[in-house]
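A, B, C and D label the chains in the order they appear, each numbered from 1.
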Amino acid sequence: MTHGAAVAMRPPFPAERGMNVYNHKLAMYAFLASEVMFFGALIGAYIILRLGAPGEWVKRGAVLNISVTAFNTFLLVTSSLWMALAHRAIARGNQKMLRTWLGLTIVFGAAFVTIQALEYIHLMDRGLLASGVRDGSELAGLVANGTLPATITLYGACFYTLTGFHGFHVTCGVLSMTYLFFTKALRGKYSQQDYRGIEVVGLYWHFVDVVWIILFTIIYLI
Amino acid sequence: MRWWLPVQASSFAPEIDGLFTAILIITGLAFFLVEGSMIWFLIKYRARPGRKATYTHGNVKVEYVWTAFPAVVVIALGLTSNHYWKQIKGRDSVPPNSYPIKVHAKQFEWLFTYPGPDGKLGTDDDITEVRNKLHVPVNRPIVLEEESEDVIHSVFVPAFRLKQDAVPGMHIRAWFIATRPGEYDLGCAELCGMGHYKMHAKVTVQSQAEFDAWLAKAAQGDIE
Amino acid sequence: MTSVAATHDVGHAAHAPTGIWRKYIFSTDHKIVGIQFLFLSLLFLLLGGLLAMQMRWQLGFPNTPMPGGGILPESMAPGGVILPEYYIQLVTMHGTFMVFFALMPLLVGVFANFLIPLKIGAHDMAFPRINMASFWVAFLAGLIMLASLFAPEGAARAGWTMYVPLSARPDLSGADLGQKLWCVSIVVVGLSSILGSLNYITTIINNRAPGMTWFRLPLSIWSLFIVAILGLLALPVLSGAAIMLLFDQTIGTHFFDPAVGGQALLWQHLFWFFGHPEVYILILPAMGMVSDIIANGSRKPIFGYHSMVFAIIAIAFLGWIVWGHHMFMSGMNPTLGSSFMISTMVIAVPSAIKTFNWMGTMWQGNLRFHVPMMCAIAFVAMFVIGGLSGLFMAATPVDMQIHDTYFIVAHIHYVLFGGSLFGLFGAITYWFPKMFGRMMNERWGKIHFWLTFVFYNLTFFPMHILGMAGHMRRIYDPTQYDFLKPYQPLNQFISVCAFLLFASQAIFALNFIISLFRGRKAELNPWQDNGLEWTLPSPAPHGNWERLPTVYRGPYEYSSPQVEEDYLPQSRKLPTDREPAVLAGAVP
Amino acid sequence: MRKLGMVGALAGGLFALGFAGRGEHAAQAGATITGTIKFTGTAPVMAKIDMSDEPVCKGKYTAPPTKEDVVVNPNGTLANVFVYVKSGLPATYKAAAAAAPVLLDQNACRYHPHVFGILVGQTMSIKNSDGIAHNIKAKGVKNRPFNISQPMAMTSPRTFTTPEVMVPLECNVHGWMKGWVGVLPHPFFAVSGADGSFKISGLPPGTYTIEAWHEKYGTQTATVTVAGTETKTAAFTFAAH
């Protein structure tokens, strides 16, 4: 794989320099553009549903646990930091630090997904479902006595769909990083001349982190 | 069978037909110009032995001309249609003293509710749920308060050039002034399920007196 | 010096696959993937046509037993007489198969895969394995959609636009599993299209041969590049909307349920935000290939190459801000209608520019009327009608009369059938020799062309008249309406012409299949074209070139004063040509 | 597709036949419960139906047709009341598969009969004798809802899979067309007719709770014990409200 620095990290043969971005990175940029449109559609739908909802929206923190999720956000943001450090490490050819930072990124990413999954289970126990509120649950009682508005049906649907798809993307990220960790990083396949795998998965990871920051703000905080 | 638009039976039908004709003239001219010159090119420049095509990569000035000209035409067209659009469908285009009729669209029939003698909808003297029969007085602004019970339907009266979707969860108003007494068809223009083709209502435009008489009889429940 | 491309895992020229399994079924050769897409989408084109014939029978001869209708199940067509619910399934599935499984794969799947590496001078796609995956994901999506035809209550039935709440609630539509399978299949075909777009964009940007600068790219490649970007950005929006609809149908979310606060217009906005870039995905590749064919047929450089490129880019950019013109009557805010109307009017300008440039190319040309050229000319002629009829709908007051009537159906078919499909007939005939090494029969090609051209116009032009009269779309039996009864003879005329149009496609099918085995052997450059693909033997070998060609000029140097022949291939080195400055450090 | 439905019915039929041979012989020999449904209070005036839109149906009436929600007979009794055995049948009881399909006729834009019963798995043949477009939507909750259309004179067979008392039927093209079908695992049901009387026969001995259902006035139950071949009466009275 390693043919010399000039080759691996450069596009194969641009007649007239289009973009000095090698194939895998360019494909990842394009893929992230399609992901922006995908999440844009879901977030756009969420905003339109929320603004057009009959009756006022569920208050901030009334259903969702902000403090746990804030910690969760901290986990994801720091895992993005570890990924950046991993990238810097291999850029300097430091295989050992690459392994530690990449390992940390995977652990923090997995922790984020686990906490989010636990949060889902907890919310479902309390009665928040994608289809609304489970009868006879704690939340159903709150809706009955008026502390929670009837628009909670839309609230549950939007919450589970948006954070669910984001969780799915984080899980895919964690799995692919784990795969790269064992098949490439541990075997020293990455070198200062060719660490494309790290750079590409790093791009994806930072994207997923940014999407979460947006979601966390518009769903939990506002 | 008419080869042209249906009869003009509403106040804004002539304006819409006028715009239609204007666009037809513009597009007709463009059509004959382009297709005619194409046929002429095909005949004049067909391959003949020993002949070689002119080597040219184009002419920037000509590009400017045939960019600017269509742009001016379409912008002009856009502004004129916007003028009529604001008149017909604009936010405050509904004439103030319009006679309100509620249109309740449901899977595969139209239920009209007339305001009754007090002229206001929602009062208990309304004549409710008249099925597939829209009676309107001539030369008087009517506003249809459209609502739908299940799926998206669309009130479409070709003779009035009137079309407006009835969307469940929304109250949409569509106004018209019927100018020509007679009986016209009202159909559903948005696919609403297996009976979409059967949502056929009759629109009867009558004089004010006949309309009041019919309304009185309808109040007693014997609708003919 | 054998060129070893830097990205080694793209190794191709060195070890061509041998076994049938690797060579034809799970092939990573972009040409084989293109041909696989060709056969798959021609089958779906046939299926879409069959569905249309059943619709035309019911419209022309309502409530009479359809010949061959006996094979249909009792719940759909008892005694061969089509029921209303079966009719709206035909409407839905005809639109869905034609748009997503026939035209999109034919235009993008076949010709992007086949042409891009050949025309830009690359060994293969940037990611051959992802390329193979995009075909098999599209194949899976096709299987799911086919399966939805046989769901217990039948297929989806809310129009190919799938408006909610009809599509979201089985008690209102009468179909449950069919609607869900539609959503699943659309998400899968969206994924396949995104995988394809990734590949096309990366290959065109990075894997061009030395000397192939951006403005030496043929217009077919420009249009496929812009279409790849449109697909990359539009399909995820449709996937998102289809997923939301699927959740409404399965786990009971209320995104589109007005009773609980969901909004019916939300689906229309999401669908048409995807929908309009989609219709440009369906026309731009045909425009690009037609530009190549017209330049070749006229033996003359394309007129205004740069303005053609900017026109494609302008169409693609404006395509994102016009989607509201599908919703003028939908209860959307009228002031929004005004702004969408202006942007829609403006988008007519780039189309006009392209048409005038095609005319400019033919002007003072030396026109050879081979079948692809005839199809390309028919494309321009029909696209002019389709484009002009679009102006009627852009004018919002006129749209009040013709929205959701047969005027729209006429417009759709003039741009998609008269435009894309005629362009495709030409493109398939044009690149058939490079795909299969044999020529399609010229005489039968012309017979098929004239029959299709005549019956096509006789079928679809009268629909403008029906549309003006107010004949609504998707209605099962027009004779229910008194104002449509006088138009029934016209409906019958359209149906008969539609049957004849369908029958004349048998000529193309036979010509295609017989020429596969017994067509005249094709030499390297049968059309005397300047493209790089015509420097390869027909059919082109695995890995295309041993050594990448070098490009010295643009693709349209026909009748160039520098040489006596009337064509000058891009990779032919003339004494006066200089070697392109190979960038330092890049491995050729 | 619907073949699956048909196969299910056939299998059900064969299965039951196998049992019938072993169980009681002819069901008619058992006990009988009869009675009348009295109606007190002023009969509500039923609104007229405007059928001018469908001349085919309008022509079949002399007097203008009215809605059928509440049909009070001249002798002060209530028609269209669905009376059936709600519980009390021995667990081992197995209904004989009904051979003849139940005919639901759409004539003159009305369902005939307006209220009727059907066995689980028994074929309901829906006949369109008007020749104009009707669609039949059965909004079952336990039964899978179906929604089929009949654009011309034709007959479509359908079956129900689970017992459900009163599956509403409606035609969406003609909003006034309403019907009710009671799906039961046993044949012990009856509908009060023009004289307000009902008769349930062939009952094996036992104590039964009988329920009388009316679409507007709700349900009433009575407990009756029968033995051998005796005939017992059960009276129900619905008050106007």
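In the analysis below, a contact is a pair of C-beta atoms (placed from the backbone, for glycine too) under 8 Å apart; a residue touches a chain by one contact, two chains touch by 3 or more.
Bear in mind the structure is a predicted one, so any value in this text is a computation, not a measurement.
A comparison of the B-C and B-D interfaces places the larger number of contacting C-beta pairs at B-C. The greatest centre-to-centre distance from subunit A, using averaged C-alpha positions, is reached by D. In whole angstrom, the spacing between the mean C-alpha positions of subunit B and subunit C is 31.
Chain centres here are Cα means. That of subunit B falls 47 Å from that of subunit D. Averaging Cα coordinates per chain places subunit A and subunit C 35 Å apart. Our note on geometry: subunit A versus subunit D, Cα centroid distance of 58 Å, whole angstroms.
Among all residues of subunit B, those that touch two or more other chains are 107, 193-195, 198, 200. Subunit C has residues 83-85, 174, 262-263, 476-477, 480 in contact with two or more other chains.
Contacts with at least two other chains are made by residues 133, 135, 147, 149 of subunit D. The complete set of chain-chain contacts reads A-C, B-C, B-D, C-D.
Against subunit C, the residues of subunit B that register as touching in their complex are 1-6, 12, 15-16, 19-20, 23-24, 26-27, 30-31, 34-35, 37-38, 41-42, 45-48, 51-60, 62-63, 66-67, 70-71, 74-75, 77-78, 80-82, 84-86, 88-91, 93, 107, 150-152, 154, 156, 158-159, 161-165, 167-170, 172, 184-185, 187-198, 200.
Per the touch definition, subunit C reaches subunit B in the complex via residues 83-85, 88, 91, 157-159, 163-166, 169, 172-174, 258-259, 262-265, 298-307, 329-331, 333-335, 337-338, 341-342, 345-346, 348-349, 352-353, 355-357, 359-360, 362-369, 377, 380-381, 384-385, 388-389, 391-392, 394-398, 400-401, 403-405, 465, 468-470, 472-478, 480-483, 486-487, 489-490, 556, 558-561, 566.
Here subunit B touches subunit D in the complex through residues 106-109, 111, 130-133, 193-195, 198, 200-202, 221-224, going by the rule given at the top. Subunit D makes touch with subunit B in their complex at residues 47-48, 50, 52-53, 64, 133, 135, 147, 149, 172-175. Per the touch definition, subunit D reaches subunit C in the complex via residues 1-4, 133, 135, 137, 139, 145-152, 154, 156.
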